[in-house]
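So, here come the structures, one by one.
First chain A sits with chain B, and in the next complex the same chain sits with chain C.
Moving on, here comes the complex of A and B:
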């Protein structure tokens, strides 16, 4: 605790990136409503999205240059090297999503769309920078409420509304569970600070057990882990591509970090154990069961999907299972592995959605059966799609392989002599072998299957997709680069970690 | 039974009623009402834990309840907007008819 009396200058120095984003959001909306009234829709959406990404870049530059450090009110708002890295990663992913939205024409309200994306980003930036229940709850709600609206943004499509309504109702329930869990944690410790809560918890009381389950339901929903994943396939399929990519990427990063912190700091006194055959009650067996269920259900249900977006959704459930493995290990190394995994996974997912959005603009569908001919019509795009999907499957030398490898090693090394998580790691490796089948099915459709009509071979370029095309190539390059040279991201991560634990 | 226990019993009951309503009702508005009940159950917890807690001079629990009430209001606004828009599209808010997305 640096000081009990916070000063406004301290608050200002820690919150300037968020303030830059809010300012940019208002600026983007007013420019859209005032200066660009007579411009065409694609110009407006490109201009506001680029303005938004410039704002994100400015916030990231501020973090990278100034390095805002500090600890406000015993963990209400934190700044350290690790949080700075996370915030820069979240801002980079937001820039990718904004570029994906640039030039898209599914809505006339482009200014509001950019505003909501930036507001959700503000929520994420606060979420990773706090260790206080109140701030966690408020920022999760800021993030969620923006995401519900973003998911419903395609006014022409009734599917978009339907998916958003389901997402909202499930989300509301999970928020209520989270709040109920938080109220019990407050009752147990009479404090909202995670470290205070951790200091007050000794062993598992019935009240704490309910709190753990409530928090696991609330955050399990946010990270789309089974059995709280029902919203994910609908949202991935029916929401506009940039919204779906955003829900699948940046929001996952922030939610996993806060889940890790809550479990490893807040519940530190009631760990339990998930050793095969020797379960001890605590939070670890809860997370381990959710992880195992997510891996099995996600991978096996994904096999029978015919829509690529739904397939990505179920694979996201499976990936959430792998990432929960890092939670059960809860060591500094596994936190680094989690961050590396979730960031590279997000980059690959945004890339896959970018390719899909271009393909959908051309063919009007995302079904695997409509992919044949893609490799001859759009060789660059289909090569990018291959890189993204193979990275998600975990093929070397792509980033997904190293992420999985490092995550599994971190899980096994959490206690090298007894290896309590060996059964989960074996399950993860076995189910990720299953995942290769459905990823390859998509690639087979785009590369090997011959199309039924020759129309699938002629290029039907749609205007306003130049920026997403460049984005695809950039993200593919990033996935290859991070896979071939993981220390690019891992070294700063590992250097930043000792100051956290 | 102490006062705190009575309040916790009340809040658990409210939470359970809200959850049952949210899970069984087919009308989207009634589901939303169920969710609001669940959120208010948590608010009762916060106030009760604060009142019977060791340090009533720190108003953390009350602050949390005030924040969560305003967040619940925002949530209701967003939710009703989505429900109204869904009604304009399909002229029903019956959740059983929302079944065009499957798989």
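Moving on, here comes the complex of A and C:
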């Protein structure tokens, strides 16, 4: 604890990035309502989205240059190298999502759309920078409420509403679980600070067991781990592409980080063990079971999907399972592996959604059966799609492969002699071998199957998709680059880590 | 310099992708140029490093925080396999001279595959080796699914799934070994030198060995091979049989056996009279030899005959590896080279010389076409390749199989008898296919439905190249033996020869 008396200047210096975003959000909305009233819809959406991404870039630049450090009120708001890195990553992913939204025409309320994306980002930035239950809960709610609205933004589509309502109802329920768990934790320790809670917990009491399960339900929902994933397929399929990409990327990063901190710091006294055949009660076996279930269910259900978006949703469940592996290991290496994995995973997912959104604008469908002809019509886009999907499948030399490799290594490294998590790593590798099958199905449709009509071969370019096209190429380049030179991200990550543990 | 075999192939693939679609003949020439120059480099290195000892090509830190290095190195074994890859690659380009559909993409995938194969043979860091090993899967899939024939999408997907399952098993073993050895290095010598516990090796060895052996066509995991070979376009099936299956065998020897030599030792409790993994895999290899040969004997489809003969020949390699004596191991490596050349040639005769002209591979339909006079060059080539495949003296197959049988005789006398039987069936199925396809009974002669094009110059060159290489190895096996035996005597294989080779 650095100081009991918070100074406003310290608060200000830690929260300036968030304030920049709020300011940008208000500015974007007012410009849209005042200056751009007569402009066409695609101009308005491009202008506001670019303004929003400039705001994000400014916030990221502030973090990168000033390096706001500090610890306010014993963990209510933190700043250190690791958090700065996470915040920059989140801002970069938000910029990608905003660029994906630039030029889209599914809504007339473009100012509000950008505002909500930026508000959700504010929630994420707070979420990764705090170790206090109250702030965690408030940030999650800020993030979630923005996401519910973002998911429902396409008013022409009934499915978009339906999915958003489902998401909202599930989300409300899981928030209740989370809050209940938090209240129990507070009751057990008389504190809202994670480190205090961790210091007060010794061994597993029945109340703590309930708290652990409640927290696992609440955050399991946020990261779309089975069996709390039921909202994901609908949201991925029906929400507007930028919203779906946002829910699948930045929100995942923030939720996984907070999940990791809660488990490894807050529940430190009640770990238990997930060694095969020797389960000991605690939080680790709970997470290990959720992880195993997610891997198996996500990968096997994805095989049967005919819509690419739903396929991505189930594969997201599977990927959540792999990432939970990092939680069960809860070492500094596994945190680094988790961050590497979730960031590269998010980049590939946003890229896949960007390609899909352009394809949908042309053909009006995201079904695998409607992809044939893509490779001849749009060679660059289909090549990018191949890179994103193969990265998700974990084929080297793409980022997804190193992510998986490092994650599995980190999971075993926690105790190299006995390797208690080996069974989970074997399950993860086995199920990810399954995943190649469904990713290849998509690529087969775009590269190999001959289209039924020759119309699928002629280019039907829709205006307002230039920025997303550039975004696809940039993200594909990033995925290749991070896969071929993992040190680009890994070295700063590992340098920043000692300050956390 | 040897690293340029990889770079030239990848670079060639990138250029081919950027070529305009119409420039088909330019694409062919570029692919040939890339394959030839890579082979030239390989040949130069093969001639220069006659001692066969390990030498480093490149060694740079890659992922420093995990101790992973970009480390390429070669010894006699990898040098001879790299040279084999170069020769088969040239022949493959020449035999695909007739590809007209998206030529540039075809050769781009082809060169990507070749580059990754070079990479596997030259990698010394096991992370790097695994990266190249997995890169192979994707171009393989697209080559077959896009340009293949019979049930191509099924065959391609089956091959991709088998490969990925195999490499998943390898990955489990590698990660576990890396972590158990202290997570500081992935270099082959560091991991091979680490004293893993006996229990660990007993468990890890079969996992990694089978992971690699799936790609080497180990019975009963061989079923991808016939379907994949049959579905593949000629060049791809040449590469599959010629070098990709060798990747699996190479991995078995280079990774599984050197890392976990204790895993080959006796179990504490014999099960059903078998007391080590070594005996299990030797028995599976012999079953593969016999099974592949017997199934090849009854095929109606010409290409399936060759596909199953591949399974049979790969069984020899795995058996040779399991003998754990110098004779058997050297024989296994020569068999890798030999089958790479001959298997490639057989697929070329069936796929390119016959099927591309007659549009049928049914032995019963080919017979009446009287191919021995319509396509005399194809008939002669098949006779020569068939003789080489049977293991007639003067060809590489003879040396290889003889050495393996002698090695097996010393290690497993009973199995060696069965292998002799397998060689006999091998003569019969080649004879039968030759008889039915080229020299069927006269009398009810049907002319082919359309005049068959004569064999083209590129095909003749490629066939001559492969035959000449096989004869060279067959007449002067010392050429290869002198370079691989120092490698087998090196420190890397110390765990396999406690107290020296038998």
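One rule holds in what follows: the second predicted complex is superposed on the first by the 501 of 501 C-alpha atoms of A that agree within 3 Å, B and C clash if a C-alpha of one lies under 4 Å from a C-alpha of the other, contacts with A are read in each partner's own complex, and residues count from 1 in each chain.
FYI, a contact is a pair of C-beta atoms (placed from the backbone, for glycine too) under 8 Å apart; a residue touches a chain by one contact, two chains touch by 3 or more.
This is a predicted model, so every value here is computed, not measured.
Visitor: Based on the superposed arrangement, let me know which partner A:426 touches: chain B (first), chain C (second), both, or neither?
Guide: second
Visitor: Considering only the touch criterion stated at the top, classify A:164 as touching first (chain B), second (chain C), both, or neither.
Guide: Only chain B is touched by A:164; chain C is not.
Visitor: Touching A:444, do we find chain B (first), chain C (second), both, or neither?
Guide: After superposition on chain A, A:444 lies in contact with chain C alone.
Visitor: Looking at chain A, which partner touches more of its residues: chain C or chain B?
Guide: B
Visitor: In the superposed arrangement, does A:22 touch chain B (first), chain C (second), both or neither?
Guide: After superposition on chain A, A:22 lies in contact with neither partner.
Visitor: Answer with first, second, both or neither: which of chain B and chain C does A:238 touch in the superposed model?
Guide: It touches chain B, and chain C stays clear.
Visitor: Looking at A:490 after the superposition, I want to know if it touches chain B, chain C, both of them or none. Which is it: first, second, both, neither?
Guide: second
Visitor: Have a look at where A:293 lands relative to chain B and chain C in the superposition and call it first, second, both or neither.
Guide: A:293 sits against neither chain B nor chain C.
Visitor: Examine A:192 and indicate which partner it touches, taking first as chain B and second as chain C; both and neither are also allowed.
Guide: Only chain B is touched by A:192; chain C is not.
Visitor: May I ask you to decide whether A:473 touches chain B, chain C, both, or neither, giving the answer as first, second, both or neither?
Guide: neither
Visitor: For a test of understanding, state which residues of chain C touch chain A in their complex under the given definition.
Guide: 62-66, 127, 130-131, 134-135, 137-138, 141-142, 145-146, 153, 157, 160-161, 164-165, 167-168, 171-172, 175-176, 178-180, 182-183
Visitor: Can you check the complex and tell me which residues of chain A touch chain C?
Guide: Touch list, chain A to chain C: 390, 395-397, 401-402, 405-406, 408-409, 412-413, 416-417, 419, 422, 425-426, 429-430, 432-433, 436-437, 440, 444, 447-448, 486-487, 490-491, 494.
Visitor: Under the definition above, what is the set of chain B residues touching chain A in their complex?
Guide: Per the touch definition, chain B meets chain A at residues 11, 15, 18-19, 22, 28, 31-32, 35, 38-39, 41-43, 45-46, 48-49, 53-55, 60-61, 63-64, 67-68, 71, 74-75, 78-79, 81-83, 85-86, 89-90, 95, 98, 100-101, 103.
Visitor: Which part of chain A faces chain B closely enough to touch in the complex?
Guide: 133-134, 137-138, 141, 145, 148-149, 152, 155, 158-159, 161-166, 168-169, 172-173, 175-177, 179-180, 182-184, 186-187, 190-192, 233-234, 237-238, 305-307, 310
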